[in-house]
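Below are two complexes that have chain A in common, paired first with chain B and then with chain C.
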Partner chain A sequence: MAAAAAAAPARSEVLSLFRSFLRTARQFSDYNIREYTRRRAADAFRENRALADEPAAAAAFAEGKKQLEVAKRQAVVYSLYAPKSKSIMEMKLQ
Partner chain B sequence: MAAAALGPAILRRIRLSPSPSSSQPFAAAAAAAASHPHALARWLSRPMSSHDAHLTREEVVDRVLDVLKSHPKVDPSKVNPDAHFEKDLGLDSLDTVEVVMAIEEEFKLEIPDREADKIDSLPLAIEYVSNHPMAA
Partner chain C sequence: MALSRRILPVLLRRVNGGGWVAPALSFSAPARALSTATAAAEPPPPASDEEESVVVKGVRISGRPLYMDMQATTPVDPRVLDAMLPFYLHRYGNPHSRTHLYGWESDAAVEEARARIAALVGADPREIFFTSGATECNNIAVKGVARFYRDRRRHVITTQTEHKCVLDSCRYLQQEGFDVTYLPVRSDGLVDLAQLEEAIRPDTALVSVMAVNNEIGVIQPLEEIGRICKEKGVPFHTDAAQALGKVPIDVNRMGIGLMSLSAHKIYGPKGVGALYLRRRPRIRVEPQMSGGGQERGIRSGTVPTPLVVGFGAACEIAAKEMDYDHRRAAALQQRLLDGIRAQVDEVVINGSMEHRYPGNLNLSFAYVEGESLLMGLKEVAVSSGSACTSASLEPSYVLRALGVEEDMAHTSIRFGIGRFTTEEEVDRAIELTVHQVKKLRDMSPLYEMAKAGIDLKSIEWSQH
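On to the complex of A and B.
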């Protein structure tokens, strides 16, 4: 585990993690949480894109995987308390 | 013989009279048609079975272009059916992931990672969606 975590993640692995975040974000029933998760993931990946040295990139990748697990758990919790009405932001304006 | 003669008589009896409740679905469809001119046409032209309810290629192209144009980082004037996400539209790899996810959502698809990684231009996206049997 420790040896595998030290190597910098491959480009495809990072993009796959990002995609998993977006897929998880989609599952939130609450508009605000859904959008926040999507935005937060996109911001964090952009912020860390320039990480040059391997240990920092590996640490950020490991942190991302941990946060993904948190998001997945929260999606389940939030699904138990789904909002009864839609947000005004989700309504299509004529 | 007698049954054949009875047929028209029975049909005359069971003719339906238009009641307010039965005209409501039509009113709803008309209202939908007024707000989305294509919705009614699409609804009428779509066969009832899910079989060969395929999207036409023009429809796929239109909707993929719309998805691209509504992405915040894309200049709508640069969007055309031959554009490359990174070279022509100036998107980076993270934007590309977001765009492909948006296309997934639009057509109610789930594109596996291996396929999604390959989609880096509009022709490939259009190709993938129009060949997908579940695209809706």
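On to the complex of A and C.
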């Protein structure tokens, strides 16, 4: 891991990270976790958009990358144990 | 016809294509549709994939219900699970093994978790002791303190709305000869501070008041209670299982001497909790578990590393997410309340609205029977009364302590909103609840009479 303070991430990198979060969120088999991942990622990126100084932005980006790794692993684990019946919220309206 | 539909799956097996075939057992009769030959009972075949329905206790539900019972327990956060898994896979050492890597890494993980929990409540890591849950913590706190000081102190004060484990421990102490004062609460659920101050005697060993009530969600004035206890020199214990990670807790600002914490209420694993014991001034307890002296002799037994690591991770996440979650819960609670009130009247909120944790909404619907309402709400997982008392048909003692009348106490529903609750779930819960309440009220003669202006209390029901 680079010891030197990283420069603030480029706009394209941030967008790419955000898109990865949304992609990973879609892979969750659990309705609640899927919605939470999407929503929390969107809110976090929106909140951190205003971060002006570089070290804070770089730290937030690094944190985001770490969380993405966690999300990717957990998406796999959740799909391995997905129950047969889905949540009521995902069923067609009756 | 419906009966044969239920018997058929037991006797015969459904095949692709929709026909029925007898299982390959020794039957006297050949495979015939509608055979009523008795057979060894077979479990009903799993429902076909298009249906995706679940049959539990004779009720067919079309999918997993939406979960709104966060006070009973919470789902494990995926980030917590991620932290725990390595300790079930390759880092399985006993943290008390001092001689090899497995023990060392396990111990390091436990100490890191301890520090995270301490940071969330403003304590020192040496003041945190791991237990099996908040019930065990409450037992240690109440019985342990009372017994340790039994020569000089013979009195314990608690409230009528405490969790069953605290009340039961106090009853146990009464059998040992202690005096226990069960303070009443006001109709909004808050304890009366003047009454508390009066009740404290020179020989009071402990004051125990829970931080956030699990049934009604009311937040007690911890700072004021802590101040009173400090002035009188009495240890203050609080059961903060529902409060941890949801409302800010600072043991020094609130003058807390002992605190019970639970992991599975803040998106952590079940089976682990922590007891906070103040060091300055030192609170002593008599240990309830004898053994190898782990956790500084306070609680013997191997510390369950994966669970403790999960607890630590849950606390770390809670520290970061507390504001976000709180704002969301408040907004969702308002949405739920407004949505229900817009469509049904005579809805009563149990407990104070100002001093409330927003994720807990306990509502009573007048002229509706609670059990029938719950039976109709099988697509929403809610509870009436707390999980501990729902086995009995008695109305909840907490609502009784608030002064809620029997009929309103019976019809109370507790909605729990948490980190993972969505707006759509709240909207669906509103829809289902309103539909069910209206249906039951249409059938209710009491509602008709009340709408006609008759005062139900003035009716003299005929004695047979």
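Here is the rule we use: the second predicted complex is superposed on the first by the 89 of 94 C-alpha atoms of A that agree within 3 Å, B and C clash if a C-alpha of one lies under 4 Å from a C-alpha of the other, contacts with A are read in each partner's own complex, and residues count from 1 in each chain.
What we mean here is this: contacts are C-beta pairs under 8 Å (C-beta built on N, C-alpha and C of every residue); 3 or more make two chains touch, one makes a residue touch a chain.
If you're wondering where the values come from, they're calculated on a predicted model, not measured in any experiment.
**Q** Which term applies to chain B and chain C once both are placed on chain A by superposition, clash or fit?
**A** In the superposition, chain B and chain C stay clear of each other.
**Q** More chain A residues touched by chain B or by chain C?
**A** Looking at chain B versus chain C, the one contacting more residues of chain A is C.
**Q** Thinking of the overlay built on chain A, is A:Ile88 touched by chain B (first), by chain C (second), by both, or by neither?
**A** Touch status of A:Ile88: second partner only.
**Q** Applying the document's definition of touch, where does A:Ala42 land relative to chain B and chain C: first, second, both, or neither?
**A** first
**Q** By the touch definition at the top of the document, which applies to A:Ala52: first (chain B), second (chain C), both, or neither?
**A** Touch partners of A:Ala52: none, neither chain B nor chain C.
**Q** Please work out whether A:Arg26 is in contact with chain B alone, chain C alone, both, or neither, and reply first, second, both or neither.
**A** Once the two structures are laid over each other on A, A:Arg26 reaches chain B alone.
**Q** Contacts for A:Leu80 in the overlay, against chain B (first) and chain C (second): which applies, first, second, both or neither?
**A** Neither partner.
**Q** According to the stated criteria, A:Ala71 is in contact with first (chain B), second (chain C), both, or neither; which is it?
**A** second
**Q** Mind working out whether A:Ser16 is in touch with chain B, chain C, both or neither, as first, second, both or neither?
**A** first
**Q** Superposed on chain A, how close does chain B come to chain C by Cα atoms? Whole Å, please.
**A** It comes out at 8 Å between the closest C-alpha atoms.
**Q** Starting from the residues of chain A touching chain B, keep only those that also touch chain C in the other complex, and list them.
**A** The answer is residues 94 of chain A.
**Q** Flag every residue of chain B that touches chain A in the complex, lowest number first.
**A** By the definition above, chain B touches chain A via 35, 93-94, 97-98, 101, 105, 113, 116-117.
**Q** Sort out for me which residues of chain C touch chain A in the complex.
**A** 46, 49, 52-54, 61-67, 75, 78-79, 81-82, 85, 324, 379, 419-422, 424-425, 428
**Q** Residues of chain A touching chain B in their complex?
**A** Residue list for chain A touching chain B: 11-12, 15-16, 18-19, 22-23, 26, 42, 45-46, 49, 94.
**Q** Spell out the part of chain A that touches chain C in their complex, as residue ranges.
**A** Residues 32-33, 35-36, 39-40, 43, 67, 70-71, 73-74, 77-78, 83-91, 94.
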